[in-house]
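Shared chain: subunit A. Partners: subunit B in the first complex, subunit C in the second.
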Partner chain A sequence: MGMSRWFAVRKQLRPRERLVLGVASFLLPLLVWSLVSYVPWIWHPQVEVTDSGAVSYFKPGMLVDREVFDKELLAAREAGAAEPEGVPANPIYLPAPHQVAQAFYTAFTTEPKRRSEQWLHESLWESIQVIFWGFFLSSLFGVPLGILAGTYDLMSRLSEPFIEFFRYLPAPAFGALAVAILGIHHAPKIAIIFIGTFFQQVLVIANTTRKLDPALLEAAQTLGARRLSLLFRVVIPGIITDLYKDMRILLGWAWTYLIVAELIGTSSGITWFITQQARYKNFDNVFAAIMMIGIIGLTTDLLLAWLGRRMFPWQQAAARA
Partner chain B sequence: MPISIRRLFAPLLGLLLGGASALASAEPLKIGYSDWPGWVAWEVGIEKGWFKEAGVEVSFEWFDYVASMDAFAAGQLDAVTMTNGDALVTGATGAKSVMILINDYSNGNDMVVGAPGIGSIKDLKGKKVGVEVGFVSHLLLLDGLKQNGMSESDVELVNVPTNETPQVLASGDVSAIVAWQPNSGMALKLVPGSKKIFSSADQPGLIYDVLAVSPESLAARKDDWTKVAKVWYRIVDYIKDPKTYDDAVQIMAARVGIEPDEYKSFIDGTKILTLDEAKGFFNKGEGYTSLYGSSKISDDFNVANKVYDEAQDIDSYIDPSITGAL
Partner chain C sequence: MHHLELPSYLEQSDPVRDRFARLKQRPVVLEVKGLSKEFESSHGPVTALRDINFKTHRREFVCVIGPSGCGKSTLIRILAELETPSSGQMLLDGKEVHGPGPDRGMVFQGYTLFPWLTVKKNVMFGLEMAGRGRGPAEEEAMQWIDLVGLTKFAKSYPHQLSGGMKQRVAIARALANQPRILLMDEPFGALDAQTRARMQSYLMEIWQNIDITILFITHDLDEAIYLADRILVLKAHPGEVQELIEVPVPQPRSAGQLLSAEFLATKKRLEELIHPPAAEQEDNGDHLNMVRMVPVHDEVESVF
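Let's turn to the complex of A and B:
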């Protein structure tokens, strides 16, 4: 026992230990972030001026590099003038955890100031719908095509070489074309998510389909299964659990395209909030919004994982056996 | 805003049907606008419901500036807010427009910001300057150099997207950057000891901000555009009136998502024009005090910098009749 139990190869730890480690995986980055933010001698490359002293361009609240501050301090001291005062600070790009937490809260509670403006949760909901439709449309075509390509060599050769080529083309590059054809509202954004997801989706699913144990197919054929029933009664049930896992990963993939997608056409959704707040250097708001996306993504994934366990109980049994 | 399947496919359907309905008179005028004080001002009219009162259906769409010009070029908008120079660029590269209204000219919001130790344009000799080449900032820099008896060959240009100029100045890799608000202000804030060494206040009329309408829409619905222009001057009055100034600032600040007090400084760097002032700038003339003259200078600049190849027919880009008739 001892240490070696913790590093046993491909053996699961006890449920309680796994939970604690999972929580720690979040706490560790938070700890690093807190240390950098709150312990004055860790990093803090700048100084926040509290008293400008005799330095003409210093203003209280201004952030200056420590070297600049030290230089001016020295100059003031040598000249016998009033010395500037300040406290160590981090650059504006790195707000402290409590600032981000506060921004997170106020972002949701701030009332829309204009009639045409939306609450933040409405903007988020808009983004979620863009993701949903992009992913839904991609799956509508991508899943059947992937399964067919993984089953029949004809479909594979007819589609995959082109898809292999197309998947390297950056989805955002189609932005202007999407706007020209689909207008300025949601449609071009959905199209970008579609382009970003679809081609990977076909290849991933085709690959998963190919991994199906050939013995199953041979047995079914020996027992007289015809083409369609082979597809629907053997192939699809055989890959369904892996397919579901693929889809979870691909949904995460779709999320990563959200920001570029929403930059196209009218400014909308959570991206509008992020880019606008970044433009005015309100980075606490920016990080809060980025975290919202992370939280939504993780929650969705946990939900889907739970749903998967309910839908495919045999997979659990197989894993334990 | 829920997205229905029908709305999703409506554009596709429109495409299949030839998209012919775009100019039908019942459609609201589609206008793209973006984050510049002179254009954010439109928000006052939208918020107050003045377009409806004037009897014109409009649909203002909020964009990033470049995305708004792209959407206009793609034929998705009836009009877009741009600078006079960018109207020429957009026109020369495929989407012709006609400037019917001057919102403002930049009065200090566009600036050259020098790194600590750089006190004037003359100090830039032989140094690197971060600027988005071929855009209005570049034009401003050239003018600043010229006013100081220098030329482009006296400095080394580093091509930088305008919204990244604050970070570039902070990196210390350049001695100055050229940008408009809010980027210019952010650069000043971000780099202590940095200084404004030249700005559009030193050359008013270098950059006019306008409403540019597609020629088709202008021909088909001139009456509606006249109504839009009338609403604009109602907005201008509301902003200029000290009694309602604060309310106007509040609406504008809410549009861009910052505090009203912070936004006031951006409005100050923008000279929003009264009707009489605008009429004056619509008169033909040479130099910066005429929209024609200023556009001619932009045109020369664009051709010289190979933004496009052929000089544009300035007169065809300007229609003073709507403003003139108010």
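Let's turn to the complex of A and C:
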């Protein structure tokens, strides 16, 4: 046994081990981040000035490159002037974990600087709405079209060649057009998410539909199923679990289009918050906001996975595979 | 080698001859006339079936057997109209049929239960398709499930059942539609030997007690002889009827008959038809290129 057990090909480890490893998958990057942030001799390419000494342009709290600091220190020492003092520091764009954790909390409790600006949770809510409508509208047309294209060759040939072409057109490229047609508010953003999702969605779902075991359709036919009942009683229930999995993956893709979409027209939502904070060099807030997106994404997915297990009890065995 | 003295498979005892005479008096359920099927393949057109003719009488059990590539699966798929014949006719109760339908129930080798439906809902499927209401369909389905002895598993999903149980559900599902004929395409091919034997006797029991005509495809000679009234032997390239054998083993059948003289005589005949000695010699390039790979002075020099 020994080590080989941990590297058994396609064999599951014990549940407890799997849980521990899952937690470790989060802790490992956090550990690397902490090491870089808290151990002074790892990286730390800059120096935070604590006492400017005789150097005229140094100010306490200022971040300078280490070479610059060393040069000024040497110059001051040779001149016999007051030496500047400082501690090793990381660049401003890499805040330490505790700073981000703090920002995570204060971002929600800090009032926006200007009346016209939004609280963080308001920005988030705006983003979620844009995602929801973009994904909902895409699914409203994409899912039925995908299923039809996967079921009927007529629908497949009539739609898929064009969609294959269109999906290579980058969604953000339609930004200016979307704004010109739909104005500067939410509509063009929703349109970008729609364009980014819809075409992939049709193809993915058509493919999933085609993977349905044709023997099930034959069996249904010998049991008297015809046309519409084949579609509604066999095709759709037959693919629903895989369709649901596809939708979860597609929802993840929709999130990646969100950031681009929100930069179009008047920037809005979480992206507005991020760009705004980056402008003020509040990188702890930037990281907090980015992580927020990750947390929302992961939570939604876990929730949907749990919901899926409740809704489709017959796939318990298949889900493990 | 020691050879058994076997009677001719054509020799029938009086009760058996009597029974076949009565069987042929029964109304014809399925009549196949001049059925042919050609495929387009990359090597040009291939004749899968040529001029198939036979009749099946009511409540008869017919097995179809033949070497691989004889088109027995194509035949049963054409009978279910999952494929269309190139020419020829098939009549069900003297009438032409169009498209697959519940009057020809089908059981596939791969079970093909709907994984998203419970056992009960699977059996109800055909009944609901026929427009039966939920209540009556459920009641009827439960009777069929009871008949195949799976009442306890009515609420289970297919993935929770063993292969034999799945196939019993598939049989119940097909029978629930009360088809005129039950088409079975190597239904027990994927089962282990013991389950297979058990399923065979279950099927015999069902057949004896229900008004059903069965057309059963298999490549297992014992299975064919054990189950069938008559065996339709096909030959390959192209698929043609070679012989329609009346099985001389008396009914009702039991496992004890597997070594009876009639049984072995029939098996001998089938062996001759399906594995003719000439065909064995035929060099089609499909053989091993074996050389001796054991050292000459090895401790175990020979397996003999």
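Definition applied: the second predicted complex is superposed on the first by the 305 of 321 C-alpha atoms of A that agree within 3 Å, B and C clash if a C-alpha of one lies under 4 Å from a C-alpha of the other, contacts with A are read in each partner's own complex, and residues count from 1 in each chain.
The rule we apply is simple: contacts are C-beta pairs under 8 Å (C-beta built on N, C-alpha and C of every residue); 3 or more make two chains touch, one makes a residue touch a chain.
Keep in mind that what you see is a predicted model, and the values were worked out from it rather than measured.
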Clash or fit (per the criteria above) of subunit B with subunit C on subunit A: fit
Subunit B versus subunit C as contact partner of A:Arg114, first or second or both or neither: first
Partner chain in contact with A:Ile240 - subunit B first, subunit C second, else both or neither: second
First, second, both or neither for A:Leu13, with subunit B first and subunit C second: neither
Subunit B versus subunit C as contact partner of A:Leu302, first or second or both or neither: neither
First (subunit B), second (subunit C), both or neither touched by A:Glu126: first
Winner by number of subunit A residues touched, once subunit B and subunit C are compared: B
Partner chain(s) touched by A:Trp314 [first = subunit B, second = subunit C, both, neither]: second
Subunit B and subunit C, minimum CA distance [Å, superposed model]: 34
Subunit B and subunit C footprints on subunit A, overlapping residues: none
Of all residues in subunit A, those that touch subunit C in their complex: 213, 215-216, 218-226, 229, 233-234, 237-238, 240-241, 312-318
Touch list for subunit A against partner subunit B, complex: 57-58, 62-65, 68, 92, 113-118, 122, 126, 129-130, 133, 175-176, 179-187, 190, 263-267, 272-273, 275-277, 279-282
Subunit B to subunit A touching residues, read off their complex: 1-3, 7-8, 11-12, 14-15, 32, 35, 43, 46-47, 61-64, 67, 70-71, 74-77, 116, 163, 166, 182-183, 186, 189-190, 192-193, 250-251, 254-258, 262
Contacting residues of subunit C [partner subunit A, same complex]: 80, 82, 99-102, 104-106, 108, 110, 112, 114-117, 125-126, 129-130, 157-160, 173-174, 177, 183
